[in-house]
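Labels for the chains are A, B and C, by order of writing; each one numbers its residues from 1.
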């Protein structure tokens, strides 16, 4: 068995809210891995921590205000690089009370270290497709220039002319019409779909082995969504890429993903192959996943009032009970006590299907 | 195991920042309060100060000398009483300048967004004209043509402040215009002027305007000091802080530091208070949801 | 647009100032000639004359006004632009330190210091500095011979000019704000994800545009502050000329100086706008 291309172990992120003097947990001990040539899908509602996972993988989350712990391992040329190495020596979570200045001081040194580690990884190993391509392009440079910039950054032996040629070539490969003309276009002169294509071209131009896509189809029309998904799929096969794709749309998962993680409130609540997760006839699901599946595929099921008691969700008791307890409709009297008093672990079901729910404890 | 994931600091209220905020507020209250008190005392002559009485035995004496808390100036006049009386030169004219700037500024700012095309053009040209002239040059012109009266000076200061405020207001309205509450209230049948004055200017721009008022006051005082130096400010023997510093500086190079330093520091402290007030208000804008 | 600006400079500018001045001028001529003068006639004849470059002769010394004013303006520009340069040299490091948050205490301290200095009356600061340099360092910083000005005689007025016109405070405050704002934009995140230099992507929107805007706006303030600075240091510039002209009621001189002053300011606005259009591909769409 080959090593996974990316491995994340026990990743936790907390945000320090200065005004309230609270550490708000954004991610809780997330662990997953991405194999070679595999597409990992992440589903969840907004605010469940999907984007934060991606940002911390890419090292774009500064240690202040986000406070990170855990391990992120990149398998670069058969050598593992742990980008979060000895983070604990720089960030003392216990000490945050003594004014934010202390955190800033400590994290500054760590941020520098962090940035230097990511220099080799960004672009060469991972690159990212952003959710809103119009905002993600610098509005003051032409898209072509930005694409050839990323080529020049990661292939040091190329000169400007050949970089331009490669950039145009990439624009062709993402099926832009008249790529030579588009090269000089500014981002605001392009439609959303074209912008997203250019974005994909830019992400791929540096030839990474892992592509990270943050809701790549959210801001687009339905027809263009389909085009973009097809394009991503084709290019993935061509380039033998691994991918992490984040979306709240099961359709995207169905089209692209091999494995799916379901997020809720900073927890992975279900993990498994796409077939298992998307099987809405089965009952072997976390209650939240089945709710999602029902709203997506069974139009007749009543959509239940999800937000029964959300005010409670950030109180202290939140950390001692199942994260979904307040909204859960499948609590049975036998396990109710357990749900209230402890967070369930990811319980293995079969294959690689894991569910964070006490109902599946054997 | 996860018991300690959320920390709610109970000592946060006693933190350094909290005390700093409190000191800032107290400082502003004390300084601005004492200015107002000085003004009321001198206007209603609750306590008699002889700002003109010359003590020839104690010319240019340093602070804390006998009979003069803050010392005396080059004619032996008591600096403390002149300092108190100096507030008279600023308070009413300053408020006048600020209110002119704010009234016309918000009017023009509203017009640039909601007015007709020609109105916009006229406003654009006139504000451009005003901004092209250095303010001090304009003041010099006015003073040269008319006379060195504090009210004229403050009038010009107020007028030259109009473009800045108009610009701020129009930008603010531009941001607000995209928000649906304006369309909603139009749909409710709110008249246009009620909408502009009440919903936009009052509810959404008041904090901005108060902040600008504090800054405008500070600017007005600085302008007067500059003019005083050129000899066009408030004329002696009426005391103003500007002409106090000015007369003091004539003796500064001979080593008599105090008679100019004291009014200069007074100006600094008051301006600092105004600035801090505006800062606090701007912080509140940031915190507000929109 | 260029034509628009050029048209703007000459008649529009003069209109306001001219009118005010003609009122003042009339008072004097009234008493001298004791005859009625048509304001509009005087105004238009003056306007046409000035458009053709004839600003008349000074009341006080009988020399042609324009040459005099231009010479003095050159001196002032010398002072102003070095003030702008120096203030950039001072503020950019301060801003960078503030933004990168490497020395929070140092940046806070310098910010407060600059702020406090700007609250003090300018001329008082100038006198204090002169006093310190004469009494403590035993060096008289005022130039006596303006043909040969040493660097040390030049630096004091320039720094005071930066302070007095609010250039320092404005640049530090606005630039910090703008850079922080732009750093939160998504395209900066994207640039970081690419591994590209953040500074390069930040430069246009975060630094170049606000600086252009600030500097061109502040030139008017700089000219205002030169009046005081030149007065203190005896610098033969346009500010001093203006002051003298006001004192002597030398109307032709005053007029010409004001117009030239306004022209310089207008021109700098125009140049700033030009650069902005050149470097911002979006501006041509606006």
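Note that contacts are C-beta pairs under 8 Å (C-beta built on N, C-alpha and C of every residue); 3 or more make two chains touch, one makes a residue touch a chain.
Bear in mind that the values here come from a model prediction, so they are computed numbers and not experimental data.
Q: From subunit B, which chain is the farthest off, judged by mean CA positions?
A: Looking at centroid distances, A is the chain farthest away.
Q: Could you tell me between which two chains the number of C-beta pairs in contact is largest?
A: The largest set of C-beta contacts joins the chains B-C.
Q: Just the number, please: Cα centre separation of subunit B and subunit C in whole Å.
A: 22
Q: Suppose each chain is reduced to the average of its Cα coordinates; what separation in Å results between subunit A and subunit B?
A: Comparing mean C-alpha positions, subunit B is 51 Å from subunit A.
Q: Looking at the complex, which residues from subunit C come into contact with subunit A?
A: 101-102, 104, 185-187, 189-196, 201, 204-205, 279-282
Q: Spell out the residues on subunit A that touch subunit C in their complex, using ranges where they run on.
A: Answer in residue numbers: 55, 58, 60, 101, 104-105, 108, 118-119, 122-123, 127-128, 130, 132, 135-142, 149-150, 153-154, 186, 188, 202, 206.
Q: Report the residues of subunit B in contact with subunit C in the complex, numbered from low to high.
A: 125, 128-129, 131-137, 140-145, 218, 222, 225-226, 229-230, 242, 245-246, 248-249, 252-253, 255, 257, 260-261, 264, 267-268, 271-272, 275
Q: Please give the residue numbers of subunit C that touch subunit B in the complex, ascending.
A: My answer: residues 8, 12-13, 15-17, 20-21, 23-24, 27, 115-116, 119-124, 127-128, 130-131, 134-135, 217, 220-225, 227-228, 231, 242-243, 246, 249, 254, 258, 261-262, 265-266, 269.
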